[in-house]
Structures are given as C-alpha cells and as structure tokens.
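When the chains are written out, they are named A, B, C, D, E and F in that same order, and each has its own residue count from 1.
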C-alpha cells in the first residue's frame, strides 16, 4: 500500500511565477493565497537573512535514516528546493555540509526539513540556507527506503512535488504548482496596496481611518473613558 | 463584567526614571526591584542588541484578532512601549511591518507581545524592536473588541498602563509606575557595587572571599578531598 | 549517601588531544567516537560562531542556588570548561557577566549549563561563550551546598571531571578523558575521508555512487517511475 | 519594594455565591463572566472527577522552597482553596500527603499550584483534589520567605486573596470576589438557556436553526456543492 | 484560491471494512497499512477505554471560531466521525457537551480535533469519545467561514472526507477510503499471526528464536560477555 | 569505542532491600537517599495505581529500532525491571503487548522507557505496568545493534544494571545497588517519623509548630498584617 518509489519527472511551475514569489517573501505570499499552506512555526532558518523560492522535490523517509536524501539528489534540477519529511517525529541531524555541497553542485537552492540539521557553522559560511525543526549533531544511518516526489506532510502542511516553496526569516509557505501564477499576481496587487498604505501610516495617519474601522468600533460598542 | 474600553489618559512615570532604567537593562532592574516583574522567558527579541524602556500602553485582545492594536495606536504617546496580551494562548502573527511603521510615526519605541510577530526581515531592517512569543506568518482578523490601557497579564506578569517596561537581550521586566524612581535609584546603587566587584574579580580575587562565603561553606559542612 | 564534596585534583586529558578535538568540532567528534556523549539539543549557544574544547570542571547544585559555581572557580585551571547541572529542572539565570569575569581571570574558556543564563549582551561583548538551556534574568541565591568535580548528568549526558567538552554551533559533546587521544585520531581520519568526498561531491558526483548505494537500493526494491 | 508579608484578614465572598459557582463548574462560570480569569491549560487535576469552589488564600514563594505553604495553613479558613505561585518557573514537588492532611484538618477544600505535586496515590486515596503543573517527586526546602494573601499571577491569571477559585476536570477559573454574586446569577441564566437548547439539539434540531446562523452563512458567501 | 465550501455528498467506505477496522484498533491498522496515516501523538483521548472507527467528515476552520462545526452537523451521517483542523495552531475549547448532544442526535460516533475540548465531565458521563490536543475552557466565536469535507491536515496527517478514522487509547490513524478493504484484510492476517506468536511468547519461547534473529545478531557482531 | 555488548551476569541487590523499597514508593525513597536518582518527570505511567521495584536490566538502543529489547529478554531474571534508553530522542512505540507477554513469561515486573509505548488497552487489561515518555502507535524496526546491561542515561538519570528501580504514580527513581539496604533503612526511618507527624497534623497542629519554624520566620523578618 506504500511501496517505496522515486518519481523522476515532475511538472514544474512557471519560472516567472517562482521568481515573483521569491521577491514577495513568505508573509505576503501566505496572505495573497488566502492564508493557507503555512508550515508550522517550529521550522526555523539556521541563519537569518535568506529568502528563496523554488519548486519542491519531496522526500518521505524513516526516522533516523537519510538514505533517501542521497537518492533525491539525482532527480533534483537547478532551482529546486528539497523538502524532507520523516514518517515519525525525529530531531536527528539528517543533513550537513557534505550533502549541501552535493545539492549545490546540482543547483539546489536550499532545504526545508521537518527534522534536525547539523554542521551549522560550515553551512553558514557557504551560505546554504536550511529551515529545520532542530539543530542536532546526532547522525543518521543509510538503511531503509522511503520515497521521492510523492505527496508529503511537512511540518503540518501538505507538499506535492513541483509545488513552489517560499522560505525566509518568517518561516516557510507552500504554493500549489497550478496556483503559482495567480498567487504571484495577487501578491503583486497586495504589495502595491501595502506600499500606498505604508506611506500614509508613515505620515502619521491612523489605521482606524485608512481601513475605515471607526464605524465598526462604534457599532460593536467600544467605550472611550 | 468585562466591557471593552479604551482608557485615554494614563498617568506617566517620571521621565528621568525611564531614562535611568533604560540605561541599566533588564537583569539589573529586575534585581534592583527585588526580583519581581519578570515576563516569562519564552518572550524573546526578534533581533538582538536592542535595549529600550518606556511607559506601557496595554492591549487586551482576543486570539487571532488585532483590531485593538489599531485602536491603541491613537492613544500612544512618544516614548511608549506597546504591550499586547491575548485573552487565550495564541501564536498568530498579530504584528508586522505596517503596524511598526504606524507606531514609529507616533513615536512608539517598541512592542512586547505574548503572541506571534511576522515581517521579521523588514522589522530588522527598520530596527523596530519586538519581543514576541513566536515568529509566525499566520495573520489575524479585525473583528472583535478588546480593551486598551486596562491591567493585563502578559507572559505571566501583571502590567498596568503607565508601568515602565524594560526590554533587552535578557528578556522583559515591568516596573510599577510609582516605584520607577526608587527602582532606578536601587539599580544605580547595585551597578556601582557591581563595578567595584567586577574589578576585583577581573584581577583574580575569588567570589568566595569577596562575598565572605568561606565561613558559610564550613558551617554547612562542605568537604574538600 | 550524597555528601557535598569538592574534589580538588582532577586528572587532565592530554593537551594535544584537547587541541585536536577543538579543531574538529562537535559533529565530527561525535561521529568519530561512535555517536555517543551528545548533550540534549535544547542546550544552545547564547551567541553563534564559537568553537571550544577543554577538560570539564563539573558542578552539581540545587535549583535556584549558584553558591557552588563560586566554589568551583577556585579549582578551575586555565583551559577548563565549567559544566553545571542542577539536581532538579531549573531555568533560572545562574550565571552572568560577573561570574564570567571571574572565570576568565582564571583562564576558563566557557560554560555549559543545563539551566538559564543572563547578561547576554555583556557576555556577547566580552565574547565569553555559554551554552545554556534558557535565557532568563531570574537570579539565584547562595544558600545550599552541592558538589564540585563529581560525575553529573548534564542535559542527558554523563560528564565526569576531566572529560573533554567540545562545544560549537551544533551543540555540545563530551569525550571520556581516557578516550580523548583515540577519538582525536579517529576524527582526524574521518576529516581526511570527508575532505576527499567533499571534492567529489562538489564536482557533481553523486553520493549514491561514492558510497556505492545503488546495489542496496536495488536489493531493497526501490522503484523509479 | 517587595517585603514578605502575611495578610491575616481577607474579606470573603458571599457564601451563596461560592456554592452556586461550585455547582456550575469552570466552563459555565468562565463563559458567564465574559471569558476572563481562566488559568493556563497546563494546570491539570491529579485525578479526575472533582469540582470545587472556594475563596482563595494566595501564596507567593520562591522556586524550590515550600516554607510559605506551612505559614499559609494558619490563616486558612474552612472552605478556602490554597493558590500557590512560585516567583520563577518551577516543577518541584512542593506539596504532598502530609500538607494535604494538615490543610484538610483546617477545612481547606483543595490546592491549585503552578508547580509540581507528589504523593499522587495517597492524595487520590484521601480524595484531596489538587490542580498542578507537574507531577514530580523532587522535594523542596524550607529556607526563604515569600508572602501570603498578596495578589499573585498563577498560571497566567491574576488571583487576589478572597477571589473565588472554581476548579474541575476542565481546569481552573478565578472570579473576582466582588463579582461573585453577579457571575453566579449570569451562570444560572446561561445554564437555563443551555438546558433549553440541549433538549432541542437532542431531538435532532440543528444549531444552524436554533442560533439563526443560516442568514449569516449566506451573507458570508458559503457555497454548498 | 480557497473559497469556503461545504461538500454535501461524500463517497462512503464499505461498511464491513469500517466494522473490521474498529475491531482491530489503531496500532494493528497502522501496521497493516504499512505504517502511514498516524496522527501526531499529542492528540489524546479525553477519557480512556474507547475504540471507534468511521468515515470522516472533515472541517477546516479558523483559530478560535467554531461556526463550521455547526455547519458540519447537517452533513453528517450515522456512523461518521468528525475531524476538525484549525488553519492555525489553536488550543481553544471549540467543542463541548451541547455540540456532542447534537452530533449524537445525528448518529455521529465521536470527534477528532487538532485543538481544545471542554466540558470533560459531562462528555465522560455521556460517553461521547473525543481525541483532542488540549483540554481548555476557553470558548470560541461563530463569525468566520471555513470549509466542510475538503482535504485537511489534522495533527500532521492528511485526511479526506470519507477516509476511515480509527481511534483508541493508542491514538488516531486514518485509512484511505479506497484502501479500507485491503487494510482490513491485512489487519486480519496480522492479527492471526500475532495470536500464534503470543501463545509461543506466553509459554516462554524467545522472540530471538521465533523471529529467527540470532543469525543476524551474530553477523552484526554482537558480543556476549 | 562503543562496541555493542550484552553483559550476561549482573550482580543483584539484596532481595529484602528490593521488597522494602517497593513498599515505600518513589517519593519516600527519593527523599531517603538524599534527593538523587529521580528520572525526568516526563516519564509517566500508562495507567495509574501501580507501585513496583526491582533490579534493572538496562538496554541502550538506536532511535526507532527495538532489536535489543528482544535480546534483553533472554538475560532477564524474575523480578527484574527493564530500563530502555534510546541513544537519540525518540517517541516511537518500541513496546507493546507481545513484548509484555514475553517479559511476563520470564517474570519481569515492568518497563521504564525513555521513548514511546503502544497497545495501551491490552497492556492495561493484562496489568503490565509501563512508564514511558509517550504513547505512540508508530512501530520500530529490528535492524541495528545496541547494548544490554551497560550503564545508560534514562530520562536524565544514570542507571546501571542491577540498580534498583522504584516506580509508581509519582514517577521513577533509581537506587544504586550497593546503597539499596541503607536507603531502605533510611526510608523506614523517614516513614516512621512521617507517621507520627501525620497524626499531629490530622489533629490540627500546625507544621509551623511541629517543625519549629516560628523562630526562623521571625529572624527572616516575616511581617503579619
């Protein structure tokens, strides 16, 4: 019912959509797509300041076993983001500098993993961005199969191969492949609107007036004393 | 029993007390006032290196609804610190860059929130300091009333409007408005004493001798082997 | 059954082993000694970028009482690392800038503590590295005895006085004193091997081929589709 | 600023209000008073099936030190509930069977403690109800002062001496002393209303119709497919 | 991109498969389907001793708002299990005795909720089984739409309407609707095999011999000393 | 440095000491031996009401792999308690009803495991007591070696083979084999003293008087107001 497989060919999202989503970042994209697809907030960047987007290569693997990450490297394309989800909660350090070297050689932009990561200093020095659940030196074995490019639940969010991952200091959000262009357009619109609002707020105008909230406060019965 | 209200006029603490407390930082202030008023340690700065103090504007609001933060902006004065406490545990991202822009336009120094924050990168770039319980892109709505400038329990500590909040890399502490001058004086005294001790310790003298602990160790029966 | 004692003379590990372990860092050392001795991953550095190794001076003390840290300073030697373990879970701020000043005056390299730390900013400025379970301003008293240089369980790992602590951005690992030379040799060997692998991975070769995993995948029945 | 005191005389809430609140239980009381006063949900009963209400005797004490619980026994009156809050997070076992024996001898109904409890089996056998944050054998000392019957923050809620504590399998809620009669009346009203609703729901009527929600769903744009 | 919808007609799994799965319980079913579909272990029963199985009615709803549970009741069929997943982490008490009365009137067997539950005592008395993430009196509002019978991620597992939920003291597992018959057959087979093994183990035979592990231990190099 | 071994012959503690310790329970034993040896409080019984004591058979094993529990059964003696500690944090369900059947057939009294357990209902019905860190259906494999009867750190406490484990509703404590008789005697003495105190407290006498604390309160400066 659950045979280990590697899906080689994954339909990719439009390049221009990925580029746009990377520009907008996690919070704007999350809002623009109607507040869905956010990964649990325990997944945090190992260093701050990165913002990347790319199509997901998904990996489902057992706790404490990173064999399938090695398998996945071969099917990664330039610009991809690796998304790794153990089948049981695990904080072991599945990933370090050597795997990052290998992924970078194949053009992979970064890693999102619902487990542990190690080699924090060399990863920081080589600026390979990782979003992980834990920092943990505890290594893994290479014994048991899992699958590549099947749908996985990563940090509470469903991710399918080819979906666009967006990751920055706010966390990680997934955008369905087929929705990527629409979400990019909605994010563009939201950003334009926010730019206008930002200027008004910076000049001292109140959100209460800009968003027309005073009437509502009155109806709801707020008292000033 | 719990009508939503906004208290407009809040008695402010002495300006010189606030300035002094900001200079001493959280740990010294916490010690100086007899080890009370510390917020739970899960409230952490979104970036390191800030140290601020200012009178609290308090906000009590429902989970997942930031309407009252917009209401609170209007009653903030330059130098204030906004203190936000949901009535039920919540890690949603109540606060981001636009609200920070608005607060800054009104002279607010920073935010302490027992919930989530988002837009970490722009907030870091604009150097608007936030102490929060979580980093979370998940947004909120603007539907339900709460109150401004009533007493709140924020991260386990009671905060009343006009109390002085002190926040730095060690966390956040609240000083009662009426005690601010006394606490500042006690902190001054403690710092002077610590400066003297620091010099002696740096020269290699032992705390055992400086604090006169050897006799106590002996009475308690410590054995050296 | 549990009398408080201070053990003055602790056998030290070979100096060259300590120097080598410091060079290799936590993850390499942890692998080289067969994946044992890792402290729980909740012990994190208060600032990033440090990598130290040194013989442990161990402190077992009560919750909320740092008297024994003051006692321990006197038996520390240059190059030591202080390892502090409360006898009951505690996140109080046992340690701050003054104690760091004292430890530095006696040549101690850093602190590993299964409890809280405070004075984060001054500790960062003086570059005194600390790995702690929490950041917490809450201070401690100096009332009750504990022991120095007895075996302790710190963050889930057994540490004996004179064992070598290695600590960096990946966490903390303990190496038995008598095994230090062997572990350093094994780490040297592992590093050499990894350097060779790194070059091949960087050139685009796959781990599947370098580690000879393809046959195993086939035997285990992995399907490509 | 924080002198240890014991307040002997505490104004008590009306007896009939306490009796009524005990009958209604935590959730009804919490709703009836406008959803405030709930303690954090990590405070759980050590055995299930109890429901008690009574005026609070509050205890503020240091981590790992239960001296002030012994002090508090003397000022308890029959029907009181002891509310214990450490000044720093602590899971030590402050309380066990002997203290329960003493409290019962003075008519105290139960204990709410934002820390640990031990002797679970004898406490269960003698049916002395405790709501605690942890179960932990780790004992405490009797060395340091705290205060009795001052305002405390217990599990995130402000409790003043004489406030009514209500505790059952749902958790713990505090009712201000002066509001107790009004809250009891509101709870009575809510219960009557719920009884009517229960009957309609049990007969198969839908909440959508009973609460008149269909129009709202329509306005909000819910689609059935 | 995320319009709120209610899907009325959901294909149901074979009745005999549901009955079989209920008989086998969570752990056997989880094993029989190849160790997938398990919900996170933080979802626990509010009382022990229940074991139920039934087709899922799924509810996706906002934090702190239970409007959609009321909507869902109308589309439930006898034998269903309600599966509720907030779009953001939330421990509020979405569910209590009145909703249970309503669900029971429509034949619903129980509830699985990745959030809080309240009214524990009446729910226990009426034996309505709930698996929840928290017990929390904090109530919710009825303001915002969500969806019914769309795919949801509940406690880390993907659940689609019509999938079979199995829940007992071990936790909760989801079985794809189309796999239900096969999984029931595999569970039957596993149980038969375990019954045989149990007898041999009860008579003192060792698992080492029954599972033929001694050769493996030898090959792996285990030493007896 | 870490070769997998099974130590067959383990020196056992005096039978009468084990029997006595079982009678006194965890909290009394923990106090009697000077407050050491307590396991972390996250290890909880899967059902309440058990109190057992017995010599430890220790198992050190990898995350997600229970091969070594099968190995350990063979070296267990009647009256032993199995103590299982993974080398990396893990909540998988290593243990269920079949293993319990096997252990019982060899006279083992119960299990303490710093990981997950499953089959809660059958284990409860057969009254086989387990203290575990989690309840989790997720199974394990039987692939990798570990060791039996070497010293392990279980839930933060050092346990050596032949040490006496005591476990009840308060948690789990370990008593060194060589100290068992002394600790049993100290527990006997403590119990006698507590029995006398209990009677006085039950009659309404205050702890303040029984323990002679009034003078101390006075010296420390407690004020009654």
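As a convention for this text, a residue touches a chain if its C-beta (ideal position, glycine included) is under 8 Å from a C-beta of that chain, and two chains touch if they have at least 3 such contacts.
Here the structure is a predicted model, which is why all the values come from computation and not from measurement.
Enquirer: Treat touching chains as neighbours and tell me the shortest step distance from chain C to chain D.
Expert: So the least number of steps between the two chains is 1.
Enquirer: Chains shared as neighbours by chain A and chain F?
Expert: Neighbours common to chain A and chain F are C, E.
Enquirer: Between 0 and 180 degrees and rounded to the nearest 5, what angle rotates chain C's CA atoms onto those of chain E?
Expert: The two chains, chain C and chain E, differ by a rotation of 180 degrees.
Enquirer: Report the chain pair from A-B, C-F or A-F that duplicates the C-D interface, where duplication means over half of the contact pairs agree by residue number.
Expert: A-F
Enquirer: What's the call on chain B versus chain E, same or different interface residues, using the half cut on shared numbers?
Expert: Answer same: the two copies use largely identical residue numbers here.
Enquirer: Take the average of all CA coordinates in chain E, do the same for chain F, and state the distance between these two points in whole angstrom.
Expert: That gives a centre separation of 32 Å.
Enquirer: Quick one: chain B and chain D, Cα centre-to-centre, how many Å?
Expert: 28
Enquirer: Can you list the chain C residues in contact with two or more other chains?
Expert: Residue numbers touching two or more other chains: 35, 38, 41, 87-89, 91, 136, 138, 144.
Enquirer: Drawing the touching chains as a network, do you get a line, a ring, a star, a complete graph or other?
Expert: Other.
Enquirer: So which chains actually touch one another? I want all the pairs, not just one.
Expert: Those chain pairs which touch are A-B, A-C, A-E, A-F, B-C, B-D, B-E, C-D, C-F, D-E, D-F, E-F.
Enquirer: Please give the residue numbers of chain C that touch chain B in the complex, ascending.
Expert: Where chain C meets chain B, its residues are 3-8, 47, 67, 70-71, 73-74, 91, 93, 96-99, 101-102, 104-106, 116, 118-121, 124, 134-139, 142, 144-145.
Enquirer: Quick one: in the complex, what on chain B touches chain E?
Expert: Those in contact with chain E are residues 62-65, 87-92, 136, 138, 141, 143-144.
Enquirer: Spell out the part of chain B that touches chain D in their complex, as residue ranges.
Expert: Against chain D, the touching part of chain B is residues 1-2, 33-36, 38, 40-41, 87-89, 151, 153, 156-158, 179, 182-183, 186.
Enquirer: Hey, which residues of chain D end up touching chain E in the complex?
Expert: Touch residues, chain D against chain E: 25-27, 30-31, 35, 38, 41, 44, 48-49, 51, 168-171, 173, 194, 197-198, 201-204, 206-208, 211, 213, 216-217, 220-225.
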